[in-house]
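In what comes next, chain A is part of two complexes: it sits with chain B in the first one and with chain C in the second one.
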Partner chain A sequence: RGVPGAFPAPGTSLLSLAVTSEQIEHLHRRFKQLSQDQLTIRKENFDSIPDLEFNPIRGKIVHAFFDKRNLRQGSDGLADEINFEDFLTIMSYFRPIEMNMDEEQLDRFRKEKLKFLFHMYDSDHDGKITLQEYRNVVEELLSGNPHLEKESARSIADGAMMEAASICVGQMGPDQVYEGITFEDFLKMWQGIDIETKMHVRFLNVDTIAHCY
Partner chain B sequence: IPSVSSIVPESCLLIVVGLLVGGLIKGVGEKPPILKSDIFFLFLLPPIILDAGYFLPLRQFTENLGTILIFAVVGTLWNAFFLGGLMYAVCQLGGPGLNHIGLLANLLFGSIISAVDPVAVLAVFEEIHINELLHILVFGESLLNDAVTVVLYHLFEEFANFEQVTILDIILGFLSFFVVSLGGVLVGVIYGLIAAFTSRFTSHIRVIEPLFVFLYSYMAYLSAELFHLSGIMALIAAGVVMRPYVEANISHKSHTTIKYFLKMWSSVSETLIFIFLGVSTVAGHHYWNWTFVISTLFFCLVARVLGVLVLTWFINKFRIVKLTPKDQFIIAYGGLRGAIAFSLGYLLDYKHFGMRDMFLTAIITVIFFTVFVQGMTIRPLVDLLAVKKKQETKRSINEEIHTQFLDHLLTGIEDICGHYGHHHWKDKLNRFNKKYVKKCLIAGERSKEPQLIAFYHKMEMKQAIELVESGGIGKIPSAVSTVSIQNINPKSVPLERVLPALSKDKEEEIRKILRTNLQKTRQRLRSYNRHTLVADPYEEAWNQMLLRRQKARQLEQKMNNYLTVPVHRLDSPTMSRARIGSDPLAYEPKEDSENLPIITIDPASPQSPESVDLMSEEPKGCSGLPPSPEEDEEGLVMRVKEPSSPGTDDVFTPGTSDSPSNQRMLRCLSDPGPRPEPEEGEPFIHKGQ
Partner chain C sequence: GIIERDETPMEKEIALLHRADFEFSHIFYFCRKGFEAIVEDEVTQRFSSEELLSWNLLTRTNVNFHYISLRLTVVWVIGVIVRYCFLLPLRFTLAAIGITSMIVGTTVVGQLPNGSVKNYLSEVVHLTCSRILVRALSGTIHYHNKENRPQKGGICVANHTSPIDAIILTNDGCYAMVGQVHGGLMGVIQRATVKACPHVWFERSEMKDRHLVTKRLREHVADKSKLPILIFPEGTCINNTSVMMFKKGSFEIGGTIYPVAIKYDPQFGDAFWNSSKYNIVSYLLRIMTSWAIVCNVWYLPPMVRKEGEDAVQFANRVRSAIARQGGLTELPWDGGLKRAKVKDTFKEEQQKNYSKMLVRNGSVG
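Right, the complex of A and B next:
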C-alpha cells in the first residue's frame, strides 16, 4: 500500500466518497490493470477494455473521465491523464443512495449525478446543450445501426428538443429562440425520474462507510 | 357523501351480488351452481393471467426479480408450513371434532390457503393506484407463487395416500419444484417463440393475427397443465417472450384488437369469478367449526406478517432501494386470498379428505375476510400512511433518450470497473437479441429498427392520430404546443418533418378538410363484409407517406439507371368513385412532378403484366404527392394533400377487373401493417400465392 499518490490521502476533499476499503482495493487493482502498472491513465488505456467497444456512447464515457469539470478541479477543459484519486472521484458519482440521508443531502446527491450527466451531453463546455449537441447525442445512441439514415436521428433530436423547450419555457411565439437546455432546464426534465436510485453501480454498495474528510 | 364504489372495492360488491343471486336461486328452490374447478382453471383463470403477463411491466419486474422470487417461494413455503403445523397442533388440542385430521391433511390445507391470489390482488390494487414498486412486488409474488402452490398441493395430496413418507420422497418433492417451475417457464418460452415466428408471416392475413396470440398462449397453458407443470408461469413466460416480436410484426389494428380483447376477457372472467364465489358460498355444504375457522384466520394473518418482516430484513441487505416499514406493511396487508384457494379446495377428494367441507368453509371465510376487510380498508390506509402513489407520467421522447443513454453509461462504467453486474448482462442479452433473435422473428425491415426509432414512430403516429381525431370534433388538443422548429433552430429552413406544429388558419383548413373526409369515411364504413375490409385511412395514409418518403429517396438515387417512361394512367372504378365523391381540393393529381421521378420499371425484369399494373398504380399515386417531403413545412398538411388519403376505400386498387384474385388482393391489402417493405422493383403483394 505504499504506492505514493495511489491512495486518497487523508485530508483530500473526497467529501462524499463512501466506499469500503475492500472496494477501494478492488478499484485500485482495476486501475493498475488499466494503466498497465503506471501511476496515471490516458485515453488510450481505455481501448484495452473489449466490451467497451460495443458501447455506442463509448467516446462520451471516456471523455467524461478526463473532463476537468467532473474531476472537481475547478478548471475547465480536458485533462491528459488521471491518477487513482481522480478515478475514484469519477466512481463516486455512481454510488448508491444511503438510507440515512436527509433532504438536503439527497438534493445535493441528485444534483451531483445530474451534473455529471449534463457534462456528458454538453460537449463544448458552454453550460448549455444546444440543438447540435443533442443531435450528436442521438446520433451516437443510434450509431450501432450502420444503415440508419441521419434524417431519423436528426428528427428525433429535433422533436425531443422541441419537447424540452415546451416543458421548460412553455408556449413560445414564432420569433422567440430557445438557445439550449441549461442546467436548470435539465433538472426540470429529470424531475419525474428518480435518478438517485437509477444511476448507480451495484458493487459500490455500502455496508460500512469510510469517509475521507 | 362518498359513493359506494369509492369505499367498497368492486370485488366485494361482486361477491355480494353473487350472494344475492345464490340466495335468490335457493329461495326459488333450485340448486345454485357451484364454481367447478375445471371451469375455473380452464376458462376463467387463463384470460386474467394472460392479460397480466402480456402487459407486464418488464423493466420493473426484472429489476425486482430477486425480491419477488424470495417472497413468492420462501414466503409461500413459510406460510404453508407454519400454518399447517400450527393447525395440526390446534386440531390435536381441539377436541373430538378435529382430532382425526392428520398432519398431512393440515399441511395440505396450509398449502392451499397460503398462496396470495393474483385475481384478488389485481382487483384491489388496480383501484388504489399504488406506486409501481409495491404493485409489482405484490403482484409478481402472486403470479410466481403458483409453482410453489402446485408442487405443494400435489405433493401433499399424494403423500396423504402413502403409508409412509420417506426422506427420498421429500427430496424428490423438493426437486419437483424446480421441474415444475422451470418446466412451466420453458413451455411458455417455446410457445412464445413459435408465436413470434408465426407472426412474422402474417403480413398477408392481418385479420387473424390476434388469434395467434391467444391461441398459442392458451396452448402453452394447457400443455403445462397437462404435465402438471405450472400453467400460470407458462402463460406469463409465453406472453412476455412473444410480446416484443409480435408487436413489431403485427399491424396497429391487430395490436389494438389484442389489447381490447384481453382486457375484455379478463374483466369478464374476474367478474364471473367473484360472482361465482358468492353463489358457491350460498350453494355449498358448510361445516362450521369455530375453533378451526377462527384459528385459521388468525394464523394466516400472523404467518403473513411474520413472513414479510423476516424476509424484508433479509432482502434489504441486498437491495439498493430498501423497503421501508410502510412498504412492508402494504406488502403484508396486500396478501389477499382468492378464488384459486377455493378451487383447489374444491378439487379435494371426499374419499381421502372427509373434512373437505370444513376446509372449504374455512377457506371461504379467509377469502371473505381478506377481500372484504383488507380490501376495503387498504385504500384509506394507503391515504393515511401517505404511501407513494403511481405517477401518471406520459412517456416522452426525452425520457426515452435519457433512459437509453443512462443504460449505456452504466454498462460502460461496469465494463470499466471490470464488474459484471446487472447492466452488463442485460446489455449482452440485448446484443444477442439484436444480432440473432430479432432477425428470425421479426419480418422484413423492422428487424433492424432500433428501439428509439420504433418508439419515436409509435409516438408520432399516436400524436398524429390524436390530432386528427380531435380535429374531427373541432377542438384543438392543448397538448400541441406552439413550439416549432423555428424556435430552436432559427437558421435552418424548416425542412424536416417534425412533430406537428401548425399555425391557426392552416389548422382551420385542415380541420375542415378532415371533417368532410371523416364523414365520408364513416358513411362508407357502414356496410362491408370480411372480404373487403376497409383499410384504416389514417394508418394507410401514414404508412404510404413513410413509404413514399423512403421510396423517393431511393428513387432519387437510382434515377440514372433507369429509363423514365411516362405512365399510362389507369383509372380504376374505385379511384374514380373516390375522386368524384370527396373533396376536390384533396384530389388534384399533380401533373408536374419534375421534382419526383416517376417510374423505375425495367421492362426486362421478369414480372407478370398484373404486377406491372401495380407498379404503375403506385407512381400514379406518387405523382400526386406534394413536391417533395423535404419542402414540406407542416407535417399534417402533407397527409391531407395526398390523393389517396382519407377519402379512399382501398388504397391500392390493382386492376380494373373484379376477378377473384382481385378480391383476394383486397382482403390481403386490408392492413398493410407497420411499414410495407420498400423493395425496389417488386410488386407489393406477391401474386399467385
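Right, the complex of A and C next:
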C-alpha cells in the first residue's frame, strides 16, 4: 500500500478528488491535523471539528468515512480506522465535474455519487432502503428542533416512500408490499435532478507565490 | 418494511410529496457542508495567519515557500539583511528608550500630589512614550473619525489582533488600561504607570471573580473625571479577518461604549499573535523584523444599551458595528474555541436554527 507517510501519487485511485499535488498536500495537512499526527483517523477524531457539530446528519457523514462499501474494499461492515488513502477515496465522491468528461464518464461519476448517498440511507447494509431507514434519515435532519413533532418527520418520509413506490413499481395493488428502495429504484428517483452540480466541494485556486519573472 | 397506506386527501398528498422533494436538496446541502467542514473549517482558519495573494518577501507569510527564480531570491536576501541588520537594532534601541522613559517618567509623575498638574503630566508622559514605541515598530497608523474619540467616564471597546493593539490606541489618546498583573518587565511597567494614572490592574485571583471585576470597573466608570477604560472583549487574539463573539462582561458595566475598529494591512507585516504557536518574545521579534506595521483605526459613534436589550444583544450590536467598519466578517464563534470545544447550549441553538429553516421552507399554506 505504499510507504507510510508518503503522499499517494495523483491518480492512484480511480476517481481522485484532488487534481493537483497542492490540493493533495492541503488534504494531507488537514488529515494530519485531524489525526493529531497519527497515521490513521478514528471516529473520535471528527469531534474536533466545530463546524461539523451543528450538522444534523453529522453522524451519517462521519459513518460514511468508515463504511467499507465506500472504501472500495470489497468487504462489508465498518472499519475502525482509516488512513490517508482511504480519506482521499471518500473525498473523491465530492469531486466537482471536469470540463472534458464524456457521456460515459459523466454517467459513472453520477452513479458513484448516488451510490454514496444510497449507502448513507441504507444503514443496515442490506442493499435496500426501508421505510424505517428513510424515516431515520428524515428524523435526524429535523432532529434539532424540539418543537417539531415526530409525526411531521414521519409524514415526510412516508410521502417520499410513496413517491418512490409509484415511480418504481407503478400502481400497486392493495395487497402488494413495497420492500424498500433498491439502488436501481434510487437511480430512477434521481433522474432529472443534476446532483453532480450540487454534490461537490470545490478547491479555490489561490496562488500564494508571487509572480516575479 | 411495509408502507402504511392511509386515506389522505389529494391536496395533503401533494403537499407531502412537495416536502419530500424539498428534503432531498437539504440532504445535499448538509452533506456538502459536512464535507466542507471536514476539508477546512471556518474556525481553525481564523486562527492561522491570513494568507496573502501576493508575496511580501517575508517567508513567514508564504506557507508554500518554493524557489521561484534567482532574481527573487536575491531580492529576498537583501530584504533579510536590511530587516535584521539595520531595522532590528534601530527598532530595538527605540523600544528600549521608550520603555525606560515610560517607567522613569511615570514613576516621577507618580510622586506628585493628585491634581490637574499630575494628570496633565501623566498624559504627556504616556503619549510621548507610546509614540516612541510606535516608531519602534515602524507603525503607520491612520485614525479616522477622530471626533468620536472616547471620552472620560466611557468604555472603549475594540477588536483584538495582537498585544500591540493597546499601543496603537494609546498613541492617539489616553486610556485607563484593564488587565491582569504580570511578572517581569511587564509587571514593572504596570506598577510604575499605575502610580501616575489610575489603570485597573487585577491580581490573577481577582480575575476569576466576575462580580468583583465588574464592580471595580463600574466604580471607575462612574467617576467622570477618570480616563476611559480600554477593553478587548473577544478575550483572545484573532487573525484580523473576522470578529468573534464578544464576552458579555464588558457590556454589563454600564456607561457609554465607544467602539473602535482596528484593521491591519497585512502587506507590510503580519500583526496577528498566534499565542499557541509563538511566545511573546518571538512574536515581538517577528514584528520588529517585518517591514512595517500599517493599520487603520476607525472611531465609531458612541453606543448605549437600549431599553429591554440584554448584555448579549448589546454586545452583538457593537460587534456588528465594528465588523462592518473594519470590513471584517462576523463569526458567531467564541474566541475561546482556540483552546476549547463548542458549548452545548450553543450547539442546540444552532440546530434549532437549521431545522427552523427546513420546516419554514417546507410548510405549505
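As a convention for this text, the second predicted complex is superposed on the first by the 188 of 213 C-alpha atoms of A that agree within 3 Å, B and C clash if a C-alpha of one lies under 4 Å from a C-alpha of the other, contacts with A are read in each partner's own complex, and residues count from 1 in each chain.
The rule is short, and it goes like this: contacts are C-beta pairs under 8 Å (C-beta built on N, C-alpha and C of every residue); 3 or more make two chains touch, one makes a residue touch a chain.
What you see is a predicted model; the values in this text were computed from it and never measured.
Chemist: Put the two structures on top of each other at chain A: do chain B and chain C fit, or clash?
Modeler: Chain B/chain C on chain A - steric clash.
Chemist: Taking the superposition as given, does A:136 touch the first partner, chain B, the second, chain C, both, or neither?
Modeler: A:136 contacts neither chain B nor chain C.
Chemist: Which of the two partners, first being chain B and second being chain C, lies in contact with A:83: first, second, both, or neither?
Modeler: A:83 contacts neither chain B nor chain C.
Chemist: Go through the superposed model and pick first if A:22 touches only chain B, second if only chain C, both, or neither.
Modeler: second
Chemist: Would you check which partner chain A:123 touches, where first means chain B only, second means chain C only, and both and neither mean what they say?
Modeler: neither
Chemist: So in the superposed three-chain picture, is A:96 touching just chain B, just chain C, both, or none of them (first/second/both/neither)?
Modeler: Only chain B; A:96 stays clear of chain C.
Chemist: In the superposed arrangement, does A:151 touch chain B (first), chain C (second), both or neither?
Modeler: So A:151 only meets chain B here.
Chemist: In the overlaid three-chain picture, which partner chain does A:182 touch, first (chain B) or second (chain C), both, or neither?
Modeler: In the superposition, A:182 contacts neither chain B nor chain C.
Chemist: Does the superposition put A:40 against chain B (first), chain C (second), both, or neither?
Modeler: neither
Chemist: Of the candidate stretches 22-30, 148-156, 454-462 or 580-588, which in chain B collides with chain C after aligning the structures?
Modeler: Between chain B and chain C, the clashing stretch is 454-462.
Chemist: For chain A, give the residues common to its interface with chain B and its interface with chain C.
Modeler: 27, 30, 33-34, 46, 49, 51-52, 54-58, 61, 91, 94, 117, 120, 131, 137-138, 141-142, 144-145, 148, 152, 155-156, 158-163, 165, 174, 177-178, 193, 198-201
Chemist: Using the touch rule from the top, collect the residues of chain A that touch chain B in their complex.
Modeler: 27, 30, 33-34, 46, 49, 51-52, 54-58, 61, 91, 94, 96-97, 99, 117, 120, 131, 137-138, 141-142, 144-145, 147-149, 151-152, 154-156, 158-167, 169-178, 189-190, 192-193, 197-203, 205
Chemist: Going by the contact rule at the top, pick out the chain C residues touching chain A in the complex.
Modeler: Residue list for chain C touching chain A: 1-5, 13, 16-17, 19-21, 23-28, 30-44, 51-55, 62-64, 66, 68-69, 71-72, 75, 333, 337, 341-342, 347-348, 350-356, 358-359, 362.
Chemist: Spell out the part of chain B that touches chain A in their complex, as residue ranges.
Modeler: Result: residues 320-322, 391, 393, 396-399, 401-406, 408-419, 421-424, 427, 431, 448, 450, 452-453, 456, 460, 481-490, 496-499, 501, 553 of chain B touch chain A.
Chemist: Which residues of chain A touch chain C once you look at their complex with the stated criterion?
Modeler: Going by the criterion above, the answer is residues 22, 25-27, 30, 33-34, 46-58, 61, 91, 94, 117, 120, 128, 130-133, 137-138, 141-146, 148, 152, 155-163, 165, 174, 177-180, 193, 195, 198-201, 206-213.
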